[in-house]
Amino acid sequence: MGVILEATGLNTYYGRSHILFDVNLDVRAGETVCLMGRNGAGKTTTFRSLMGLTLPREGRVMFRDRDCTRLPPYRKARLGMGLVPEDRRVFGPFTVRENLEMGRIPGRKGPWDLDTVFHQFPVLERMVHRLGGTLSGGEQQMLAIARALMGNPDVLMLDEPSEGLSPVIVVRLKELILSLKEHKTTILLSEQNIRFAMAVSDRVVVIDKGHVVYKGAIEEFRREESIQKRYLAV
Amino acid sequence: MEPVLVVDGIEKSFGGLKVTDKVSFSMFPGDLTAIIGPNGAGKTTLFNILTGHLAPDAGSIRFEGKEIAGARTQDIVTMGMGRAFQITSIFPEETVLDNVRVACLSKLREATVFIRPISAHKRATDRAYQILESLGLEKFSDRRAFELSHGDQKLLDIGIALALEPKLLLLDEPTSGMSPEERLLTRELIKKLWSLFNLTLLFIEHDMDMVFGIALKVLVLQQGALLVEGTPEEIRSNPEVITAYLGEEL
Amino acid sequence: QEKVIKIGAIYPMTGRAGLYGMDSVAAMEMAMEEINAKGGVAGYKLDALSTDSKVKPDYSVRIAKRYIEEDKVHFLFGVVSSGVGLAVTEVSKQYKKIFIGTDHAATELTVDNFQPYYFRVSNNTFQSMAAGAIYLKELQAQKPWKRIAYIGPDYAYGHSQWNELRYCLDRLGVQYEVAGEHWPKLAQPDYTPFITTIMKDKPDILVSGFWGGDTVAFIKQAIPYGLLKNVLYFHPDAGGNYELMSSMGDELPDGLVLSARHHNNWPDTELNRKFVGDFFKRTGRYPSYAAEGAYAGVYAIAYAVEKVGNPDDADALVKALEGMKLKLPEDPEGFTSYMDPDTHQIVQMQAIGVTMPNADFPPAKKMLGNWKIYKAEDLLPPKEYIEMKRKK
Amino acid sequence: MESNKRGWTTQWAGIAVLALFALLPLVKTSDYQLTVANNVLLWAVFAMSFNMLFGVTGMLSFGQALYFGFGAYSVGLFAYYQGTWWFLPALFLGMAGSGILALLIGPLVLRLTGVYFTMLTLAFAQLGWGIVVKWYDFTNGDDGIQGIMPPAALSNKVVYYYFCLVLVSVSVWFLWRISRSPFGLMLRCIRQNPSRVRFLGRRVKRNQLRIYVISAVFTALAGGLMAGVDNSVHTGMWYWTTSGEVILMSILGGMGQFFGPFVGAAIMILIEDMVGARTEFWSMVIGIVMLTMVILLPKGVVGELVQLKERLFKRSSALGV
Amino acid sequence: MDPSFLVIQGISGLTMAMILFLVASGLTLLFGVVNVFNFAHGSFYMLGAYFAYTFVSILGFNFWVSLLLAGVAAGAFGMLMEMLFLRRIYGRAEEAGFQILLTYSFILIIDDLVKMVWGTEYKSLQRPDGFSGSVELLGMVLPSYNLAIIVLGLLVAVGSWLVLSRTRGGRIARATAIDREMLSTLGVNVPLTLSLTFGIATALGGVAGALAAPLRSVTPGAGIEVIIDSLIVVVLGGMGNFWGALLGSLIIGEVTAFAVAFVPDWASLFSFLVMIVVLIFKPEGLFSPAKVRRA
């Protein structure tokens, strides 16, 4: 399996505050990597740097063997990076259907279209004509994930996808991610729900105060209780 | 003992969609109650109705004996109902300190004093620091709120609600987006505040550790209606709740 | 070191009034060059500063104060808008600095708000309306008319024209019936509803008090309705401005009755031909009416300084100006403009003409002709009018 | 406490600026400079009270000309009809009247938010303008009112200047205290998150109304004093371009900063004056200057200065007042 | 009252409304839909008129060709201004304020550019061949150019509505007003979208200016005069709604037309009165977009 997404030496700032310090990260095609860390560790910032929403001051982002550090987000999206932000950001005044259609990226082909998405999220099909802004928190989360899928991304980045989802839905989300894996979709997610993370991930990257402090396969991580304690306090 | 809150048969529909369906329950002083239910069950909507953000179509809500259905938010809050939000609701450009301080000032009825500088309002300031400390946010007190990470903003939101010293505090998914560490902390914190201030607490949660860890009573909502009501043990083993909500353990 | 007479000019240079400002400044400079070329006056050369008034009274007041206090000008000069004129005349009064008004037409400046340091060297609306009233009276004798409607911009200039015209008609004993008054706002873009309303009222004569580009827009929009064929369009103060002719070309209908404070093709005197010709050589275009006012203003200053011998003694200059007689481009043979000492308003003849083909002043394809000339003395506001106004 | 330190700097800067203005009559080379300085001061009060609405509370009113005109015309009409003795009483009556007018209009415009609020304020102001223009017999229409003289004791230019300076200083001090007070904090919170403010048990509309009225009162003060500077008032003071100018001043100076609008007013008036005196193409020059400032100074003039200072003193980025 | 006069006056109001709508349509697109405020919209309207004048009267092109060219020229100029300047302030903290300031500086600059290129003299354009007269219909005189404008106005309304609500491009444009950052992660070139929308909006402004030129005098400063009316129309109808803007124009047009006929003294105040009344009773405009409220 080749590396599909790779970040080397990312240093990212908000204004003058230095947030990411030499973050290195690689995601191989088809695997699911989970970014873990406390609040404020820099998970979201890593996603923003990868996607180009906040440009890193130093470092490099390679996507499918191509240096795209400074590419604007829309170019990255067209190349096959998809992002579900932690605050969901559905288009409030748009209907569910319109929201989903906004997710389509012309020129990108794949298994996902309205039908398959509705099949996966029957809740959404029931509310196609509802406005995005009127959905409940959890419904919005599903919509945001579905919208990202509509673009048939090669790498799907999910920032805390299980947040605000009820336990049954989290289970369904787990199944979804596992089935995405079968479809060879590469996934990079951040999670605070350790049980969920352990259930879906192949590898774990732990980040703390902007530094990558641990990387390892999931089996190995399970055993690293001291790491878990130190950085995740479980 | 007089109940703090009596909710009686409230209903709310959006268009044809019934989102709250004849919900009735009561809260007594010192209660620590959780509301759970699938996404879209109408939990947030229920909070919105309780706090006057939405007017119910039918039913009555009595807060400390007074009817508040359809009353204005600010009046309900003044009567002693506090709330923190599912999607964090803070004052992003103010400092963390001022976020809490404005609530303290409001509580002390000093919020519209317009000549004396804020810093001269010692009581509010001290109280704000105290709250920040108890939330572990004091190190950020001079930072602007938007600079905080998601989880810390969540805590700040709770801090703002706490500052109002509410008689009944509503928390909408207080720990969502928090790390396990913060979750634990928040859980302990809530429990601590609850016993310390004799708070009456009603919270929505999807984190079962939190629900079963601290709640004394659990309400389960489904499709707008109250499915069951009981102690955590009863709920945990209720087959209906398991299929509708809990699912098999991960 | 050369001695100079400093003039502080305040004209709009931007926006829709910019044309008048630009022409005024060009004519003012032209007059100064003419005088300076002949060696100046009383050993002084003329020099001018010019600032865009932006048609804002408060800003213009600031300019006037700057001219007086920083630049030490001897004369304030200019102003297109009456509102600005009224504000600046206040400064002139306070500082006892002579203000030569060259364009603005509000009668108030020389009547209600009269102050000794103000002089106007172009006609005011009362004079235009007095001429208009006589014209209408004569017309009634030939071609009986009864119903008269008015359309004019909804501000002081538009309202006072209508009041003054009715005052003059009444004084002449003309019998008429008012068939509607219409007050579009200044720079109203769309006149269609006004046009259809006027057509419903079926007046015989439509008196217009439009200013600037509004005349163009109104006429253009009225043409396809045939309004101007059925109703006599009568516009005696600013209707005959050259820019109407130049911008409308062929489209301008024949037979509109118009006048202005200066005409490029009347009077046919040496002085007027030279003025118009020199202006054309200087700028590549023919002047709008405003230019002649500014031109006259410079000559008035030269006249006064010549008489007094210096530009510093304001009170002596006032005396000199009060007795001024000046031959100007708009004076026909046998007449010389003069200053009315009571009102400080220049006394001039007025000619009213009718649009007809004439391509002598391109790009205009039509000009005024068939002139009717009115004697200057007949046009002055009567004593009782002035007293009535000044008492208020 | 850090925010307090920054508060002090702003306070000292303010005192220094006002002291400079106080020295001007001693060093000026012509009375005209007093006129310009007076214009700066009064427009600054106008802009700062506008910014209490816009920059602080987030209410973009496009109708502040209404209160400016009201203040100016109160002085103008009283002086015109009743004589100069009425100048001072009229100034305060104008402020009170403006406050009352704002109290009447406020509840109507405050039902709306965003652009709708903006446009409704514009509509009311334009209506006011229309009435002043139309009511020729009383207001003199667009001819305006001339010859408005301050009473004898203030008729000297320098005295009148100091009179304005004192009132301006008091106003600035008052607005400054508001912005540092709990009420000021409340207003900023209303801008950022009005629905959360309701959950603090505070009434958003009522607080908005309070500041709307306060702003109207100080705007009227600026207008009334302006009548004495120009010795005339005119309908343009009521027109939307006046409201527009004050918006531009605030943004240019930096609406997030207390003294931003003050500096914006100074810049606009000085540029207008200097460029206007030198070229007929002032419009192009001012346009380019403005454009350059917008591009190069994303926080407004004062905002950038504050940031520069912070950078020099290696402070973390945080809130300036 | 003669009923046929009411009809005639109604049609007058309609004519007025359509020009108003055409002028405002670009602003509706930009301000209402994309939520970018262009104070200089009127300046592009003015540029359109001057361009049309140049094409018709100086270069001798056909009127309708010139109309198109004027739109293209104004749009290209608008797009250039957007790409050079406006683009730099997107995403700033107080973006809305800076949009006002920046586009106001456009007004100042364009005003002087026009003065430098075309001078201050009034320009005027003749109606195109075949549209200079009027048609008679049931005894009423209707200028044929006015009819052409009514038809064109309707076309613009229908066309814009179709594009905005039925095409992906339209949906993207609406989404830029909601969340530009999110949109960009969905593969949309947001800067290009904004430039194009700005270009289209200013082109609409230019076409409106060119269309109005034969009915008005083309003078410097014509830009600032139309902006307030356009704003009224955009807001009256409800932001972002072309039908709303059309209805807003109609109301302003008709109310003005009948006020002119029946209360001429106060006619000039009516557009503001209408706005006050409408906004007090319908605080979000006539066609308010569905309200979205979440705690």
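Chains here go by letter, A, B, C, D and E, matching the order in which they are written, and residues are numbered from 1 within each.
The definition used in the following text is that a residue touches a chain if its C-beta (ideal position, glycine included) is under 8 Å from a C-beta of that chain, and two chains touch if they have at least 3 such contacts.
What you are looking at is a predicted structure, and each value in this text was computed from that prediction instead of being measured.
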- prompt: Which chains, if any, touch chain B and chain E both?
  reply: A, D
Message: When contacts are scored as defined above, which chain pair ends up with more C-beta pairs, C-E or A-E?
response: C-E
- line: Whole-Å distance, C-alpha centre of chain A to that of chain B, is 29
Task: Express in whole angstrom the distance between the two chain centres, defined as the mean CA positions of chain C and chain D.
output: 38
Message: Distance between chain A and chain D based on Cα centroids, please, to the nearest Å.
response: 49
Statement: Separation of the C-alpha centres, chain B versus chain D, in whole Å, is 42
Query: Which parts of chain B, given as residue numbers and ranges, touch two or more other chains?
result: 44, 51, 53, 85-87, 89
- prompt: Using the touch rule from the top of the page, what residues of chain E touch 2 or more other chains?
  reply: 111-112, 115, 265, 268, 294-295
Statement: Going by residue number, chain D touches two or more other chains at 134, 195, 283, 316
Message: Give the list of chain B residues in touch with chain A in this complex.
response: 14, 36-45, 86-87, 147-152, 173, 176-184, 206, 208, 244-248, 250
Complex interface listing, chain A residues touching chain E: 51, 53, 72-74, 76-78, 82-83, 85, 89, 91-94, 98, 101-103, 105-106, 108, 131, 133-134, 147, 151
Task: Report the residues of chain E in contact with chain D in the complex, numbered from low to high.
output: 31, 85, 88-89, 92-94, 96-98, 100-102, 104-109, 111-113, 115-116, 228, 231-232, 235, 239, 265-266, 268-269, 272-273, 275-276, 279-280, 283-285, 295
Statement: Note: in the complex, chain C contacts chain D through residues 13-14, 49-52, 54, 56-59, 61-63, 65-66, 68-70, 82-83, 86-87, 89-91, 93-94, 106, 108, 113, 154-156, 159
Field: Residues of chain D defined as touching chain E within the complex
entry: 54, 60, 108, 111-112, 115-116, 119-120, 122-124, 126-127, 130-131, 134, 195, 240, 244, 247-248, 250-252, 255-256, 281, 283-284, 286-288, 290-291, 294-295, 298-299
